[in-house]
C-alpha cells in the first residue's frame, strides 16, 4: 500500500470494494478484466514502444543507453468538473508567469514594489542579462509550459514545480493514448474521453501565432540537440506530426540578423523556432562559448525581432526553485486575485527561521536543491537513511540558500498493474499549457507519472518511474 | 517544403549503409555455402576473398585470427571494431535514420530498428546453420525496408535513399567481380579453362542471380557469361549496367522534383553512354581488372558530385 | 582631452573559411565625461554589419561574412573627447542595478589566496572608497608591470598565482574578484588609454560601486583611477563578457590573430 491514508483517485479511501461513486464503472472494468489479460496488453504496448524507438537515456547510465519508460495500462481519470477547475488554475498561473517574465526583463515593477527580494533575481544565474530589455515577438515568453502537480484529495491539487523552459513528456501523452485506444477500445466506448490528438495542431497554431511581422505562412522548425539526446524521439515526433522540419544547429545559419536553414536548394528564411536545447547552448557568441549545439548569431536575430524562439531565452528565472515559493505572490501581483492552484507549502532555507525549522524536522520533510532537477539532489526524509539525512544536514548548514524544504504530502494513488495484480501507486501529473498571441490553452490530458515501487514517492523516469494515460472525461454523467 | 541538406545526406547514406549490410549478408551466406556446406570445402581462399571484397582483409589480418568460417563470419557480422561488419553498417544506417526520423514512415523506421535489434547483446553467431539463420533475418528486414520504401511517397526522401543504394550496389558488384575473377583465374589462364562450378555459383548467389543466369544463358556455367551478366545485362538489378541506368533515372527524378541538376547528372549520363557501348568480350580481352578499377574510381567521383549537387553538409 | 584611436584586428586563416560570424564590442558610448566625435567600424571583405546593443548597454556590431575568406581585417577609427572626473563614471546608460555585479563568474571567482591578499591589503576600519584604493594600489605593487595582451582565457585565481605572464586584463579580473568577495559590486571595463607605444590589445580596468559616488574606475595596472586619457568601450561581468571581438568560423585550418592599436592624444606637441 502507499502512504497510509493516501487518497486513491479511483478507489477513494474505500479500496476496490467501495470505489468513488463516479468511478464505479471504471472500477468494475478493472475488477472484471483478467489481470493476465491486462498484463498481456501492457506487454504488447511496451513492445510497440520499443519497436518505435520511444526510448530515453538515463543520465549517467551508459550501459543501457536506450530504454523505454514502463507503461501502465490502468488509466488515470479526471472528471469534467475536476478538470474545469484545474484548467482555470493552470491558465491563471501561466498568465502570471508570462506577465512576470515580461516585467522582470522590462520595467521590474515587482521588484520596485518589494514583492520579491531583488538578490533572488539579480544573483540568480537564471536571470539572463543577455535578454534584458528584449521583448519577444507578440510579448509571449512561456509558450509551452508543463506544470507539475500533485494531488491529496478530490479537489486538492498542488503545484510542485513549474516548467517554463523546455518541458518534455508530451509525446507520452500522445503515444500512451494511441496504445490505449488500440489495446482497450472498450474504455473509449464506455467513457467519453477528450481527444488529445489535436495537440500538434494546437502547438503549430501557437508557433504560427507568434511569428514576427505579419507573415501569413511563417516557416516554423523544431531545433533539437541531435539524435543522441534522450528526448530525441519526442523532438522528431513533434516535428513530424506538425509537418515542420526538425533541424539541428548545423542546419541553421544567421546572416544579416536573419536565421536561415540550409536546404538542398539553398537557404530558406526561418521565422519561428521551437528549440529543445537549453539557453546555455543556444548561441556560443552570447552564452557558453564551447557550445557545439548552438547557432552563432541566433540571439542577435532574436534581439532584432527577426525570429521567435519558443520558449523565450531567459525563462529559467520564472521556473527556478528559488522563485517557486513566490509564485502565489506573483499570481496575486499580476492577476489581482488569489492563486486558484496553491503551491505546496515551502520553507525557504535562506531565511534563518525557516532553516531552523527545517533542520529540526529533516526526517519528515522533502528537501530540494534549488538548482537541481530530475529527482537528483533531493532528500525524502521519511524514506531516507540516517546517513543521508546527516549528509543533507551538513549541506544545508553550509549553503542554506541553495535549498528549499516541503512537507511530505500524502500523494494520491491510482490502481496500477503490478506483479501481484492491481495495487495503489503514487502518481503526479504534468499538464501542458500553450500560450500564443491569441491566448492560453490547456491540452485536455497530460503526462501521469507513477512510482512503480510500493510506497515510493519518486516518479522520475530516471529513477524507476512509469507512465499512464490520463483521461479527461467530457461529462460526468456516464 | 525544401529538404534540409543534412537530411538529404543522411537519407543517401542510410541507403548506402543498408545496401552494404545486405550485400555483406549475402556474401557471407554464399561463402558459408561454398566452404562449409559444399562437398569440396573451399577453405581459406574463400574467406580471404570475402574479406578482400569488403575491403577488410587488412583489418582482419591485424586480429591475428585464423581464416576459418567461424572467425571470418563473426568478423564480418558481429565485430563492431571495424567499419566493414554488418553490425556497424546497421548501426550507421540506424543513426542516419534516427537523424531523419521525420522523413521516414514508421514502417521503414521499424524495419531498420528491428534489423539493428537483431544484433543487440549478441556475442556469437553460433555454427553455420545459426549464422545462416541470422543472415536470413537480416535479409528479411532489409527486404522489408525496401518494401516500405516502395510504399512511401515517391518524393525526394525515397529517391535519395534509392540513389545511395544504387551507388553502393555498383561499388559492391564491381568489387565482387574484380576480386573473384582475379582469384579464380590466375594470370595467364584463359577464360573457359577449368571451371569450378561452386565458385562461380557463389558469385551468382551473392548477387541473387542464380535463376537469372539460367534464364539468360543456356550453355551451362561459363565464366565469360557470368561476367557478361554482372557487367552488361541491365535485366539483372545488381549488374553494373542496371546500377548505372538506375542512377541516371534517380537523378532525373530528383531533378524534376527539386530543380537541381548539374555535375552529377552529366557524369552519370556520360557513364551510362559508355556502359551501353561496352562489350564484355572486349573488356575481358583488354583487361577486366583495369576496367573495374576505373569503374570503382568513377563511382567514387560521382558520389562526390552528388554530395556537392545536393549541398550535403 | 582629444583622443584618436586606430584599432586594427587581422585574422589570417591557413585554409579559406566558408563563413564567419562575429560579435564586436568596439564602439564607445557617450557619458558625461566622454563624447564620441567620430567613429567608424570597417571590414575589408564583403560582409554585412548590423548594430545592436547587448543586455549590459554596450554597443554591439554583428559581422556576417561569406567565404571563401582567407583573411579578415576589422578596422576601427575614431575620435573621442574626454574630461577629467577623478575616475567617477557619470551619465552612463545603466540597464542593470549594481546588485547584479556581485555575481561571480568562473573567471572571477576568488581563490583563498586572492581573498586573503585582498583582506590584508584593505586593512580595517577605513571607508569603502579608501579600501578599494588600497586594494588597487596593493595589486599594482604585487604586479607592477602588466602589459595589454591578447586574452588567453585565464581566470583571476589562476593569474594571481603569478606563474604565467600577467596582463592588465588579469589584474582587472583580480580586482573584481576581490571586490565582490568583499561584497562590493564590481565590473570589468574594456577600452583604450592614450599612450605613446603601439599595443597588441585593448586596455582593461575595473569599476566598483561606491556609496554616494556610483561607479568608480580603478586601474590596478597603474594603481590609480582612470583619468581623462581613458576611453571606456564595453563593460561586463568579466573579460569574456566585454571582449572586443569574438566569433565562430566555419572552415578548416588554423587561425592567426594580430592586433595593431594606436591611441594618441591630439593637439599636443610631441
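Letters are used for the chains, namely A, B and C, taken in the order the chains are written, and counting of residues starts over at 1 for each.
What we mean here is this: a residue touches a chain if its C-beta (ideal position, glycine included) is under 8 Å from a C-beta of that chain, and two chains touch if they have at least 3 such contacts.
Bear in mind that the values here come from a model prediction, so they are computed numbers and not experimental data.
Both subunit A and subunit B are touched by no common chain. Placing every chain at the mean of its C-alpha atoms, the farthest one from subunit A is found to be B. Inter-chain centre distance (subunit A to subunit B, centres taken as mean C-alpha positions): 47 Å.
Subunit A and subunit C have CA centres that are 42 Å apart.
The distance from the centre of subunit B to the centre of subunit C, with each centre set as the mean of the Cα atoms, comes to 60 Å.
Within the complex, the subunit A residues that touch subunit B are 50-53, 226-227, 232-233, 236-237, 239-240, 243-248, 250-251, 261-266, 268. Those residues of subunit A whose C-beta lies close enough to touch subunit C in the complex are 118-119, 122-123, 125, 128-134, 253-257, 284-286, 289, 296-297, 300, 303-304.
Every residue of subunit C that touches subunit A in the complex is listed here, in rising order: 19, 21-23, 48, 50, 52-56, 60, 62, 64, 66, 95-97, 99-100, 102-103, 240, 246-248.
Every residue of subunit B that touches subunit A in the complex is listed here, in rising order: 1-8, 95, 98-99, 101-102, 106, 109-110, 113-114, 117, 156, 258-260, 310-311, 313.
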